[in-house]
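Take a look at the structure set out below.
We call the chains A, B, C, D and E, going by the order they appear; numbering starts again at 1 in every chain.
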Amino acid sequence: MNLSLLILFPLVTAIILLFCNGLKQVRMVALAGAGLQLILAIFLLVAFLQDRSMGNQLTMLFEYDFVWFKNLPIHYHIGVDGISIAMILLTSCIVFAGILISWTMEKLSKEFFFLLVLLSMGAYGFFISLDLFTLFFFLEIAVIPKFLLIGVWGSGKKEYSAMKLALMLMAGSALVFVGLLGVYYQTGSFDMMKIAQMNIPLDTQYFFFPFVFLGFGIFAALFPFHTWVPDGHASAPTAASMFLAGISMKLGGYGCLRVATFLMPAAAHYYSPIIIVLATIAIIYGAFATMMQTDLKYINAYSSVSHCGFVILGIGMLTQTSIKGAVLQMVSHGLMTALFFAAIGMIYTRTHTRMVAQLGGLLKVMPFISTVFVIAGLCSLGLPGFSGFVAEMTVFMGSWQNPGGLYRLATILSCASIVVTAVYILRATGKTIMGPLDGAYSKLGDALWNEKLAAGLLITGIVLIGVAPFLINQLIGPGTAAMMEQIGKTINLK
Amino acid sequence: MSSLSEIPLAHILFVSTALFFIGMYGLFTRKNLVTLLMAIELMLNSVNINFIAFNKYLYPGKLDGVFFSLFIITIAAAEAAVAIAIIINLYRSHQSIDVDDATEMKY
Amino acid sequence: MNAHAIIFYLISAFLLGTGILSVTTKKIFRSAIWLLFSLVGIASLYFWMEVEFVAAVQIIVYVGGIVILIIFSIFLTQQSGKEMPGPGLLRTVFSLLAVLFGAGFCCMLINEYGFTQLPGNQFSVAVADIGTQMLSTAEHGFVLPFEVVSMLLLGAMIGCIVIAMKSKEAKNKGVLENEQEAVGTVISSQQNNTL
Amino acid sequence: MLMDFFILLKQELVIVAIIFLLLFINLGKDRSNESLLPLINVVLLLNVLLGFFGSKEGSLFGEMFHTGKLIILEKNILNLATWIISLLSFSWLRTHKHVIEFYILLLTALLGMFFMISSGNLLVLYLGLEMSTIPIAAAANFDLAKRKSSEAAMKMIISSAFSSALVLLGISWIYGVSGSLDFSVILLQGPDSPFRIFAFILLVSGFAFKMSAVPFHLWTADVYEGAPVSVTAYLSVVSKASVVFVILAFLYNAGKAFADTWYHILIVLSILSIIIGNLFALRQNNFKRFLAFSSIAQVGFIFIGIAGSSQVSSAAVVYFVLVYVFSNLAAFGVVALVSAVSGKENISDYKAFYTTNPLLSWVLTIAMFSLAGVPPTAGFFGKFFLLMAGAAKGNYWLIGIAALNMVVSFYYYLRVVKTIFMEENSQPIEKLAIPGASRLALYICLAGMLIAGLASCVYDYIYSISFGL
Amino acid sequence: MSDYAYIVLIPLLPLASFVLLGLFGRKYFTKSAGIIGTMALLASTIIALMAAHQYFFVDGKVAGAYHQVIAFKYTWLAFSPGVSIDMGIVIDPISVMMLVVVSFVSLMVHMFSLGYMKGEERFATYYAYLGLFTFSMLGLVLSVNIFQVYLFWELVGVSSFLLIGYYYEKPTAVAASKKAFIVTRFADLGFLIGILILGFYSGTLDISTLIHKLTSVQSPEYIAITTAGFLGASALTWALVLVFIGGAGKSAMFPLHIWLPDAMEGPTPVSALIHAATMVVAGVYLVARLFPVFSMDDTALHVVTYVGAFSALLAAVIACTQTDIKRVLAFSTMSQIGYMMFALGVSKQVGEQGLGYMASMFHLFTHAFFKSLLFLCAGAVIHLVHSNEIKDMGGLRKLMPVTHIAFLVACLAIAGVPPFAGFFSKEEILLAAFNENKLIYAVALFTAALTAFYMFRLYFSIFWSKESAHHDTHHEGTVSMKIPLIILAACTIGVGFIPFAKLVTADGAALETHIDILFSLAPVGLTLIAILIAARLYKQQNGGPQKIADSLGGFYRVVSRKFYMDELYLFITKKIIFPLIGKPIAWIDRNIVDGCMNALASITVKISGGIKGMQSGKVQGYALYFFGGVTLLAILFIYVWK
């Protein structure tokens, strides 16, 4: 299994897209590309599981190490473990769904799909990188297309939002960059697997960990650096919102975990109270802020802040279960929020409004979309049978395993957010989906085939994880265990 | 030769330094572009004095300083020529060679 | 203090005095003349230091070339008689402060460094030496700078021509010629001197 | 021996030959620009290609001139940049009356830079410095009828004359304390007295002036704005690049004993440059002025790289300059085309540029990304390596400031992109016909921006021939 | 022990019905959805009865007690070693009992709905939801793992939400469904934290292991959980109280009961199923499930007792004043569940002292029948009258004889008149309370009388009172609606005679019980008196009730407004949480947090504007700056940094 294909496929798709003409051709190519990615991701999953079942116990599989810059220790070093595979699957699903949702995108369609595919390339590259340079490279690749996607195809105060998003994310990556250089100069290597084996001196860890963690934290909407999220999501076109919330924010979470925590566990331990406090604030505060929103996209955006708080919380708690929960939450939230945005997008294209107050009773005219909306909402509030429950419960269980008053308090407060979540989700659902139908909307149609397919794909993912979490547990369990072993070693050393 | 030692090198350098800053003062305060140019010539000349003095007093073995000053004189001439050409062109477009009149581009 | 020293101080006072006048006089033409005196003063300083060749070049190029050029340009821009507006008070104060500080600072540095002269001074500048060294490619030859400078002069000349040439309008034809002449003078004098 | 002479001096000699060729053409019968420009471009292309043959290490004229692989590469970069600028100037020069003179000035300046880069002696250095300035000042006035053009030329010549006076003061003092002009001797003693340090600072400030580092940068924006676009491009790319090379060679070779001093000077200047450059770039509307300030900020980054004082840093600096050449020229290329046809030079004129000129928009966008340092453009690699080199000394706070300033710089680069793609305009710039030459140049820049980073061989080659402190 | 794996079919059949109807119902099964759902439930019920038969009578007791059988267990989600969510099936007396109740009542409701919901646009969806609910409830009662309980607990909650909001175009229905979900969610928070505490200290989430570990006084887990404490109470107490809060939420115990009356916005059969017979007793079931652990902690048991008793009384008082028949029934449900709760609270784990437990379960069992019957009857009435208000009814006994009889039977049962089912279970509860706590006994007794009063108030108001304003053209309902009524009425009469004490007890061993006539005298007497008063007041239309209400004045108003609990909650949410927490946070986010980010940008721009003077356009100024820069560097490097 050659992992580079994950980068190559989108790249080739993007290049072909540049030479396409007409909406039809463009979207067919984009869809085919995304479909291939999806197939490849599934194939990768199968190959991975096969390898594992054959007894391959290496931390990383399908490793490939190519000296990129021979005079600097920069390698093109890629490899995957279960966590990365989960993220890759997530990415491919969302990209596929995103392209389907934007099927009717007519304004500059070629550029739109081009950027979307480019984004996916960045995400794949990020998730498979084992070299910090490559990782950073792909991280930044995944930022700029968002700027254009929001700014050109967005709505509302799109330019402001696009700029804000780009700048804040770039500030994040600038922080990451400083941290990476620090790590590099302490270890002389960019190779994560190697760095993990070395013990970075404590004071160095203490100094650079905040840079890396905060940097990635901005991507993951860490309080108080989450303010790009609402504006960015609200202004973005549907597919970009899906991608933004579904994948981009996961880049941050993954980075916090894979780079910050994995490489500098002692510092992670040292700073965990702060991380926990910030995460808890994000969870509670995000939830309450969501409650007051009147725009569907803002609702989902703020709820993303709250939900991504669980990711940070899980990481900050530093127990194996909580970290597993964080990963699960990333996957779950990715799918769920993408679905939510898809639903909102579908509603918006029909009603041309996203204001809760102006909608109502949509269930009557668009039962499919409404059902999708409700499912996304229920997943968001952590209903069993959907992925959200599995993820959140894992985080809670893991968090509770970390004794100590602060941790306990944080866990309890975070748990409390499920109530607030219920409030805002039901409020939104009650006002848009239920209630009397506005006469103006009585002629609107239900979802088209592409939208159904997209939503179906995402729902399948959500339900699969929700109903059979042992499957994904099998995938990410060993990965987190290996990671935790490494982390545990260092923390105990101290 | 002995007479030279009565004047310390430092005094010559003081003179050249003074001349340099006289030129600089001119550069800072004059309004007319041609006078700015003259101020610059003064500064360059002061440097020439430096070169000659150092060469003569400290490093008489080689002629580096002398040569340098010769080249400076040449360059100064070329620079002055170009500057004057530019000033004339400026005069054509602005009808003035006041330096404060040519401040269209700023901030 | 012997006569030699007195001469030095006299020359210095002269060149600094005229220099100051040159940068402060209100009338531009006078300013040019003071500059001329100052440059002559510098040339005499060179004479005093017994580097006659440089002194000669100084007089030929500066007095004979540049100052003339400047005076020409003053005429061309028709400002010879006018009183120039003085600088603003603030500007003067600031400049004065900066300059005085700079000068004081530099003099202090010079003083602090304490140059020690060599006792037996064997400095002599023969024109022939200069000529051979200028064109020598060996260790202390200056043929490379010489050639470089010639290319520079070429470039400068062409630049001057293009810029100062007033296209199509015959009115200022004279300017062009004067320009070319002036530049030509400078260049030829330089070439002559070094050869 | 003679052969050696020719080989070592080949690049300079070729330039001189071209200058004379142009002179002869000028003397001959009048030719139309349409026939002249292709010829000149071909000659310049040959010049670029010739640069890659027969490299040899050595020195001439008693250490006054020396060359080596890195120096040849640097000159090749400058040659290439000059050629690209020439290609990009096509539409501007087509109607210009003084094409040959323009090229002579450009090439004279280039020659000056070559000597400057190769210099082993303060005299040659100084002459090179002047030679690369005076013709450009003249060239800045080449939009003869424009008020701004003469203002720019005036500002440039006065500023540079002032700067050279200070540099000369510094050189004379250095001569005074060392008795020599040779790089190998002048700074041997190190910063043991204030006098020496001040002399050194004066000299460095001259370089900083040419590189337009804050606070010696003030001429830059005005000159860039007023000068013809091609000259601005030349100033901002070739001229600046050459000084970077010189300062690199000078500090790393001659300035060894002063390493501690210049290290700190560079840091002070780089912080000032990055911050002030960014702050001013934020508020610009004129595209050239904007690029001026952006290049000032870039200089700050280059200084950080130089401050690293290792082989990695010199490689990073040269590499960055190469990348910078491509990126900046791509941007100037588009600006030159637009300016030549429509005369519009403001960023706000580019609103909805994408609707009429998609290709140019993409080139400009990628150039902005490359300048901003966004992957996968080469600019990302350039900046990464620079800061990596700078971080080697452990001054992470500096890297932190630089990194955060990169965010500010993102703002204004993205603002351009925003203007092009997102803003509405009822009268966008019309669809431009791109001359073949310019198209070629833009493609070269595009290829450079996209490939020079990803293909590690470029960097690896530069690294293999560069040197540390 | 024989194989019980087939039991898995009981929940899975409704699930299949849900999936089928949910995915394809709208298109393909618009008419046949009811039949499909009912058939699935019929099969489930039969299997459940078979299982009950097998468990109680075929396999029977081992060593004098019924034992727990884990029929099936699968690790669904592993957290860490030992701690995992398992999906499984537990077979023990209460789960089997609940299986029967849930599937049976659900079947009845399915059947009833065939007629009741006929012609609804979203008929298939309705049956899908019913299937989902039944599945969840069955899953809940079969849980082996405390997290499995929680999981199905949530599912039950959401199906309740969906069903309450079935008439989604009615804003009140939407509001009620939201309220129900959010209030129970709030309670679930307690449950969840309780689980976390229990799981953390016992190192397992498996219920039987957990019970095993936490009930032996010497086990390290027990010592850990009782020594750890917070705010003066041990971790065990906290955990149990929190779990009980979860139960209280679902079971509508004070003060989390406010959702239940509003939940009556849903279709009436749904109320019968969810809000009378099954879901609302989940809290009781939960406490019963964890009863061995509860029995280790007196404080927790006291909480259960007093909350239960108070709820019972409160609900009964409120029920007397309500005019919406479904709301009366809702409060009566709450009251009866209060009975079950305090019965558990006064119980102990072993032997004779376990009477309360048995009584509670017994009451749960009987209550399921008569309360669902009451609701279905109410449904039939509403179906005819198209109103929930008592004042729109009256004299219906002639129009709907079947319903009338069934309703009467149910009323007698709930009032505790022998020999109806309610009598037996209530007797046991009273006895248990009498044995343990006289205060509780008094409350219970009073409540029993109140119950009889308000139930017969309802009965007389509906079926007697004024003459019917409705014409004969109205029919009582379809056969499919009558059959369940008849069956349930029969059950209501019959189930009291089941020897429950032999079957379902705390420790599995049989309990000797007997009806003590002397003891029964007081409650039955009080009940009869209450019925008489009700008959006096409501059989004929007269001004009596109004007079009494007037004479009570303020008290009556407070009671009829449900002690202003709704208003209190509204005040807390609308006046405190939204404006005092939500709004400020949203404001802070937009203006302070985001404002800081924006301020950063605008400050930068300001600075940029502030220093623009540097670039004055005057070349002499530039030179001055140049010289200044040189000087600055010189001073820095010569004097400052050497």
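Here is the rule we go by: a contact is a pair of C-beta atoms (placed from the backbone, for glycine too) under 8 Å apart; a residue touches a chain by one contact, two chains touch by 3 or more.
Please read all numbers here as calculations on a predicted model, not as lab measurements.
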item	value
Neighbouring chains common to subunit B and subunit D, by label	C, E
Chain at maximum distance from subunit A, centres defined as averaged CA atoms	C
Chain whose average C-alpha position is farthest from subunit B's own	E
Pair sharing more residue contacts (C-beta pairs) when A-E is set against B-C	B-C
Most centrally placed chain - per-chain CA mean versus overall CA mean	A
Whole-Å separation of chain centres (CA-atom averages), subunit C against subunit D	31
Centre-to-centre distance between subunit C and subunit A (centres being mean Cα positions), rounded to whole Å	70
Mean-CA-position distance for subunit E and subunit D (Å)	76
Rounded Å distance, subunit C centre to subunit E centre (Cα mean)	102
Touching two or more other chains - residues of subunit B	13, 20, 23-24, 27-29, 36-37, 55, 58, 62, 64, 67, 71, 75, 78-79, 82, 85-87, 89, 92, 99, 102-107
Subunit C residues counted as touching two or more neighbouring chains	91, 94-95, 98, 102, 105-106, 110, 115, 140, 142, 145, 149, 152, 156, 159-161, 163
Subunit D residues counted as touching two or more neighbouring chains	123, 127, 130, 134, 137-138, 141, 144, 153-155, 158, 162, 176, 194, 198, 221-222, 283, 411
Pairwise chain contacts under the document criterion	A-D, A-E, B-C, B-D, B-E, C-D, C-E, D-E
Complex contact set, residues of subunit D against subunit B	122-123, 126-127, 130, 134, 137-138, 141, 144-148, 150-155, 157-158, 161-162, 164-165, 168-169, 171-173, 175-176, 179-181, 221-222, 225-226, 283, 289
List of subunit D residues in touch with subunit C within their complex	16, 19, 60-62, 64-65, 97-98, 101-102, 104-105, 108-109, 111-112, 115, 123-124, 127-128, 130-131, 134-135, 137-139, 141-142, 144, 153, 176-177, 193-195, 198
Complex contact set, residues of subunit D against subunit E	154-155, 158-159, 162-163, 166, 191, 194, 197-198, 201-202, 204-205, 208-209, 214-216, 218-219, 221-222, 261, 264-265, 268, 276, 279-280, 282-283, 408, 411
Residues of subunit A touching subunit E in the complex	164, 167-168, 223-224, 226-227, 230-231, 285, 288-289, 291-293, 319-321, 324, 361, 363-364, 367, 378, 381-385, 389-390, 393-394, 396-398, 400-401, 411-412, 415-416, 418-419, 422-423, 426-427, 430, 433-437, 468-470, 473, 477
Residues of subunit E that touch subunit A when the two form their complex	26, 75-80, 83, 85, 147, 150-152, 154-155, 158, 161, 165, 168-169, 171, 173-175, 177-178, 181-182, 185-186, 188-189, 192-193, 196-197, 199-200, 578, 581-583, 585-586, 589, 593-594, 596-597, 601
